[in-house]
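Which chain is which? They are A, B and C, in the order written, and residues in each are numbered from 1.
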């Protein structure tokens, strides 16, 4: 530690000018196809730099240009402006056609995360095939979240940074129609009255129903 | 597919029952296209052309039961969960039609119907959300990442570190390894008693006459005062040891006079 | 996608404004995996566009930025500014504990400096590998001291300022003595009272070295 600060001792006290820091962030983001976190930027830039401020400058600079600076979760990336997509048909990546089941499952995970398999099944009314989940995991659009603190401690699914990147979302809070769905109570985990025979899944819903008083809703609240 | 077929019948909706029956028949053909009873119920609900919140669950239950009835007549094999749903809907229907029984426990027919309506609305909402999601500007289709990313070379550097505690513990470990062993660096100037004893045992056999013990000092230990001191002390101690063993005898004529030693002739005793 | 560009056929007569053309060139160069020729640009942009002029504008716009527009043969590409190339490697620093041999060697040097390799070996009871010494020198924690005035004039080792900085010491004399180590519980492994061997004291080292009039030895006298 100490020896390092010896080497770069002077930069500790004198970070490069902001214009220079902006150039550095620009260069790093242009060179990378994946989003880069502020921490990674700080890591690669000289000591004393403020990547967050440099990013703010850079974002303004690229407003209205052919490429833009976009936020993806807690990372940043350069992306072409969406209105110019038609020029890029040569670059278009043929994505694997997702089944309706996969698309619905993905949406349920995005809007209800963190969500268990049983909850997905309750919403869709059918069991979720292993292949569907595997496919979404393989595409790196979903991943395992924390286990629920309910009997059996079931695993949950959440969406990934790659999901946000693919769909151009800054965060899961920016999902289209999220506020309306929430105010309509459609993201509530409403337990079925009494012990109704639930389609697709049996009896453990009751337990899981009660579990997410905080759950996804809280995730999106702030 | 299922929805398309269904759409044709939607337009014919004049006489409710007939339309529902026709719709059910059309649906049966495509029963494999449905993802379970809830999906089917959602499709059926569209004949009502109302907001899902105001949907008549009673009407929906009738349609579903008609569907299952027709499927049976056509000897179509329905999956078990379709039949479970049918049984449940039949029960729900009776709860909705009969006046509430004050004795009856559990949720009312209205509560059960409301939850089914909620499930349908929620499923529809998720489908709409999925459609909106898929219609967004998507990476690789509408928005593009850097086509020619430059390689970021990864330099892995290992930095070794230690704490003051490591250092002190390491030192302590060394210094207490064999705490009785004389410090090795001191040995250069120390002629141990063991060494002196070894030396004297070898020499004593040849000294039948009185000899000053300073004469037994090893070579190289007589010049340097520190070395001479050490060798003298150990040689003296060793000679005492030999006397104790009975293999030598010593004498000193006066205080501070030279100490002499000679072999003790056992045979002479 | 393709038909879209067909629809823009009327732009044959009215090319997009130059600012728009610049955006297009920017997006295409950004997203394309290979350098793009002017002809290709013209091909991909609406009819009536002037990619060469748009390129000229764009090139000026990127002057002095973190990335630049460069000509590669007869094609164009965006590249990191050469002065920022150093940002293109990510350094991952892995911190590892020093080996026991290295710590012991370091401790001996710190407590006994200046000390020869032979002396270190005597104290450790095993030979000191060249690698260990080299590692400590490379870390800049030890360096060569003056040669001893003994036969063979062996080199000695001493600790460095970087060593003192790392361990937060003013001088090597601040290292705790054996008594302190013991009272700190670091010598709990059974030395009977009074049997503590004295470090290098009463020997000719002091005389020989002449460097440390009182040496380290007295530090250890309880």
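We adopt the following convention: a contact is a pair of C-beta atoms (placed from the backbone, for glycine too) under 8 Å apart; a residue touches a chain by one contact, two chains touch by 3 or more.
Computed from a predicted model, the values in this text were never measured in an experiment.
Enquirer: Looking at mean CA positions, which chain is nearest the middle of everything shown?
Expert: B
Enquirer: By mean C-alpha position, what chain is farthest away from subunit C?
Expert: In terms of C-alpha centroids, the chain at the greatest distance from subunit C is A.
Enquirer: Centre to centre, by mean C-alpha position, how many angstrom separate subunit A and subunit C?
Expert: Centre-to-centre distance between subunit A and subunit C: 33 Å.
Enquirer: Using mean CA coordinates as chain centres, what's the gap between subunit B and subunit C in Å?
Expert: Spacing between the chain centres: roughly 29 Å.
Enquirer: Once you find the CA centre of subunit A and the CA centre of subunit B, what distance in Å lies between them?
Expert: Each chain reduced to its C-alpha mean, subunit A and subunit B end up 24 Å apart.
Enquirer: For subunit C, jot down the residues that touch at least 2 other chains.
Expert: 27, 30-33, 78, 80, 88, 90-91, 139, 166
Enquirer: Which residues belonging to subunit B are in contact with no fewer than two other chains?
Expert: 144-147, 150, 152, 161
Enquirer: Could you pull out which subunit A residues touch subunit B in their complex?
Expert: Going through subunit A, the ones touching subunit B are 1, 30-34, 77-82, 85, 88, 91-93, 95, 100-101, 103-104, 106-108, 110-111, 123-126, 165-169, 175-177, 181, 184-186, 190, 192-197, 199-200.
Enquirer: Write out the stretch or stretches of subunit A touching subunit C in their complex.
Expert: Result: residues 1-3, 6, 22-28, 30-31, 40, 43-45, 64-67, 78, 80-81, 84-92 of subunit A touch subunit C.
Enquirer: Name, in rising order, each residue of subunit B that touches subunit A in their complex.
Expert: Touching subunit A: residues 35-39, 81, 84-85, 88, 106-107, 111-112, 114-115, 118-119, 121-123, 125-130, 132-134, 136-147, 149-150, 152, 161 of subunit B.
Enquirer: Contact residues on subunit B for subunit C in the complex?
Expert: 144-148, 150-177, 179-186, 188-189, 226
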